[in-house]
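After this come two complexes, each holding chain A, first together with chain B and then together with chain C.
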Partner chain A sequence: MANLGFVFALIGAAAAALFAGMGSSIGVGRAGQAAAGVVAEDGSQFSKVLILQLLPGTQGIYGLLIAFITMSQIGVLGGSADMSLAKGLAYFAACLPIAFVGLVSGMAQGNASVAAIGLVAKDPSQFGKAMIFPAMVETYAILALLVSILAIFAIPGLTI
Partner chain B sequence: MAVVPMKRVTIAALRKDRKKIMEFLQRRGVIELQNNIPEDEVFRKYDMSAGRQTFLRNRGRAEQALNVLNTHAPEEKGLLSGLEGRKTITLEEYEKGITERNATQELCSRILDLDKEYAEQSAKIPREELELTALEPWMSFDLPLSFSGTRTTSAFTGTLPGQQTQESIELQFAELEPDLKKDITILSSSPEQTCIFAVCEKEDSARMKDALRRMNFAAAPLSSQVPAEEKKSLEKSIEEAKKRKEKLHEQICELAPRREKIEFLIDYLTMRADKYEMIGTLSQSSRVFFVEGYVPARSCEQLEKDLVSRFDMVFEAEDPAADEDVPVLMRNNGYSSPLEPVIESYSLPGKGEFDPSFLTSLFYYAMFGLMLSDAAYGILMAGACAFVLIKFKNMEAGTRKSMKLFLYCGIATIISGFLFGSFFGDAPHVIGETFLGKPDAGLKALWFEPINDPIRMLSFCFLVGLIHLFTGLGAKLYVYIKNGQILDGIYDVVFWFMLVGGAVFYLLSMEMITNMLRLNFIMPAAVGKAAAVIAIIGAVGIVFTGGRESRNWGKRIAKGLYAVYGVTGYLSDLLSYSRLLALGLATSVISSLFNKMGSMFGGGFFGAIMFVIVFLIGHALNIAINALGAYVHTNRLQYVEFFGKFYEGGGRKFRPYQATTKYFKFKEDI
Partner chain C sequence: MSNQYIFAVARIRKKELELLNREFMEQLLAAPGEEACLQLLNEKGYGTAGQTANELFEEEERKTWQLVGELVPDVKVFDVLRLQNEYHNLKAAIKETCTAGTHPGIYLNGSIAPEQLEKILLERDFRKLPDPMQEPAARALDVLLTLRDGQMCDCIIDRAALDQIRETALASDGEILPLYGELTVAAADIKIAVRSAKTGKGADFMKQAMAQCRTLDLRRLSQAAAAGLEEVISYLKTTGYADCAEEIRKSTAALECWCDNLLIRSIRPQLRNSFGIDPLAAYILARRIESRSLRMILTGKRNGFDEEEIRGRIRETYV
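What follows is the complex of A and B.
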């Protein structure tokens, strides 16, 4: 039980990659269905709808990023794996924002992307605006990412 | 650097010059036609749709012919040929193309005829091949399939279902017609069917037929030829069709070098059709016609000179009235013009607004650079764009602009990459450590590495955001002053400057905030106090003026209080700039991740190969995803945070009457 802190930290890292990745896959998947439908009607819209489809994909990357930073700090990727239980729990907590917000915002951004793809299908000249709607959702994923990053970078300096 | 001023132009000319004038205007492409003259008994619009339809029909045929050529003899195109742009042709080539247009139309007809026959031959081959397979079971039969007997006998040729033997057929006959005299020959049999030839005496023919019917007999396909011979003739016919097809294909391919003529014809017919459409909108009497429209002011004088010297006409140019819906054309220097499409996809400047391209360009490239922030990625991006820009001089204007946009963004990325010490992430360090045995190798950041000090980077992002937002507010003040609404400018902009700016300085005088943001300076308490006072004055000002459109003071104050609440909007706007940090970190952390993965196979030769593979795939992926992210979020910061402060848009794009051709560009002076 000596390494329980390490286990919690690793669970946190896994959760970040897991939930954010799930959110992105759902979002990108939904948008992909809509995009394929548009391309079936008009192949020249491919590059535009592809960009819109990829927008909900960033949450997964943010999750990966947090997971990677956590893993490298707790020593999974080489180095020592000793840490106190409190520190491990702190890492776990730091991973939570991007895990949960990543999941929910990935799905929500997917829905916004589907609608944006529909908009581009009807009027390709509105692409610039269509891109903004999904990007609005992403703001919250970025804020969560920020909290996770700032927290994780602060943990090594804590004396707990 | 601005919205191009427009002139409203009216031309009155003689109808005999109509064709030439309209062609001249089309080639010039500087006037947007807009006819507001009402129809009356003398001046009216003519319906030109019949003529236009003829051109469109002919163009349709030419396009079909071009399609045929492209399927039979596809043009060899390089990967980047889409960037080449339209070919430019001279006046002589243009005139020559016009004189040749009848010949070209005949060429199109010939291609379409050849293609029609090609399609017929193509359809014939599988049809005859099918007949050939149907004939296969009858090959051992040496009479025509239609043979029906001699003078005294009746013959039946056909199939019975399923695989049958002599005995099984005899058995069935024994049940149905036991005493019928007959002779049955099995020609071939397969699990599906058995082909038989049955002969009986002529008077038994009806009984035979009835018995066969009950056995589900089906007559053979009628043919007056012996199957073997028919097979031969079918094979010959198929062979011939194939040869013919080959020949037709060659003939079509031989015509492929004349593809350009057809392309010219398509462009020419498009121009003619457009011209007819435009003529349909003109006001004309029996002798005179009017052209009305908008012309950019700087092209106006030249146009007048050229027109008046060539034709008898009255040319009038005047400034448009204030309430007119004037089309918008933007014109900027080389640094800002790549952003015009970005502005356009938001909205063109509306009435009384200025073109924000220049202001946007001050931030756009830098923000993109901060988000991608990797020197190597920047070099790749800028290099690729520069290569394309140099290689394809003739690129279409729109493509050229976006290439330039990414060239500048790439350069900004290089700068920020060196500032923050990222070159393929930490690749110099990883390569040095793993392969060269130098653990202290690495690219030194010119400023600092955000990954080691994210808070410092965050403060820097907020500073960038604050400058961005204040520039937006300043732009709004400029618009107010330009439109003479000085008081509105004070109420809506200066008070906000005081409130937000004062609040920022006040916060910077608090130790808690500076510690949190890890700033190494702090505002003196006196400055903090002064800032607080300024902020309060601003806030009070907003409370009293924020709802100034209401006459009722109670309502007005309530609305003003609500307006002050808008300060939370500034907070969230400012927080939004943290994406600069987040996306920058994402790029560098993910590239470090790939470098680490690549180096896991150790040093040595095998390790080096694996490293190269992981490196190439990983960084290709990373650059694609993060460049997309940087592009989207740079746009968002402009559209939402920046434009939200001062820019509404709503202008209508200037669409000049010009040759909208697909394959050729005509030189200005033809």
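What follows is the complex of A and C.
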């Protein structure tokens, strides 16, 4: 029970990588299907649809970043792994924003990318506008990333 | 949200660009004759040079179903869209069997080869037909052989087709296929009512010919048809089909055109849908209705019809 704080912190890190990664993989997978459909009919659109397919992939990177920072802070990657239960729970809570927002926004951005790829299929000159629609979803993943980062860097200074 | 048809819908988005628009239809109308129309269609990628109009339509329909076969794991999900062809072929085969005739070009693309269909009917081995076709085929063949009543034969097969279209459509995925079933049956019922009102057909005929649908009250429709054309129009004005009054007064062709336009307007929102089976179903229907317009133009040009007369029969385009 002495290391329960560490366990919670590690679960938080795992959740950040796990859920955000799931969101991205679903989103990139959906967009990939649409991209393949367009390229099957018009190979010249490959580069445009590839960019749109990659947009939902960022949540997975954000999740990885948070997991990495958390693991380095709690001593998984070197240093002491001792911490109080309260601190461990604090790390766990700090990881939740990117875990859940990463999951949901990854899927939502994937759907927006699918629609954007359809728009590019119809009119390749609309690529710039088409990219904005899924990119808007990114805002919320960035906000969650910001909250998770600020919280994780603030926890070591807390006396709990 | 279904992941199943994302690839297929993306391919269809590109394919929709190849559909004919109103401007191209106007170009065809302005062409001097059938040959010029066929040439314009060839240049647009429809058919190949030297083909007759029928060959072109057959090839285009084959291309549509080949594409659909590549897009979905099991093309059976679109069975409802092929039922009209299947029942048309059954009707044609019954008539060929009874008259011992061979009329090339009367069959459409279907799942059962015409020779096989004729063999089944000659041997009266109805079990080889799909279940819903067995009883109506046997009944229609008997009616034609014993009573020599071609109209009753048609009525039996058409009713069976409508019943199966509705049943299959209701069991289909998405919104478009059930909508197609409903509109097909409702349009057929309206046409039967109009024809009955014009020719003085009785309630018995209408009861046999009309199929149940959600958007029409068949009892009221057949009562109205028995009372006359204006009564039919009055009843339809109380339903979702109020717009067709003018077309009913014009002609049967105008009514058929209105029915196709209603379907096109109903499926057009699928141009903006990126998910599910509906955009695929809408594309198949759009191709079918486009073919009808092209047939009108080519037949009109072949027979020297006036441009305005042909224009009046052209359906709205999907794109």
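Please note the rule applied: the second predicted complex is superposed on the first by the 160 of 160 C-alpha atoms of A that agree within 3 Å, B and C clash if a C-alpha of one lies under 4 Å from a C-alpha of the other, contacts with A are read in each partner's own complex, and residues count from 1 in each chain.
Heads up, the rule we're going with is that contacts are C-beta pairs under 8 Å (C-beta built on N, C-alpha and C of every residue); 3 or more make two chains touch, one makes a residue touch a chain.
What you are looking at is a predicted structure, and each value in this text was computed from that prediction instead of being measured.
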item	value
Simultaneous placement of chain C and chain B on chain A, clash or fit	fit
Contacts of A:Asp42 with chain B and chain C, given as first, second, both or neither	second
Touched partner set for A:Phe153, first chain B, second chain C, both or neither	first
Which of chain B and chain C A:Asn111 touches, first, second, both or neither	second
Partner chain in contact with A:Arg30 - chain B first, chain C second, else both or neither	second
Dominant toucher of chain A (residue count), chain B or chain C	B
First (chain B), second (chain C), both or neither touched by A:Leu145	first
Closest Cα approach, chain C to chain B, once both complexes are overlaid on chain A (Å)	11
Shared chain A contacts, counted only where both chain B and chain C touch the same residue	none
Parts of chain B lying in touch with chain A, wherever the complex brings them together	342, 344-346, 454-455, 458, 575-576, 578-579, 581-583, 585-586, 589-590, 592-593, 596, 625, 628-629, 632-633, 635-636, 639-640
Residue ranges of chain C touching chain A (in the complex, touch as defined)	1, 3, 6-17, 274-275
Of all residues in chain A, those that touch chain B in their complex	51, 54-55, 57-58, 61-62, 64-65, 68-69, 72, 77, 125-129, 131-132, 135-136, 138-139, 142-143, 145-146, 149-150, 153
Chain C partner contacts - residues on chain A that touch it in the complex	29-30, 33-38, 40-42, 111, 114-115, 117-118, 121-122
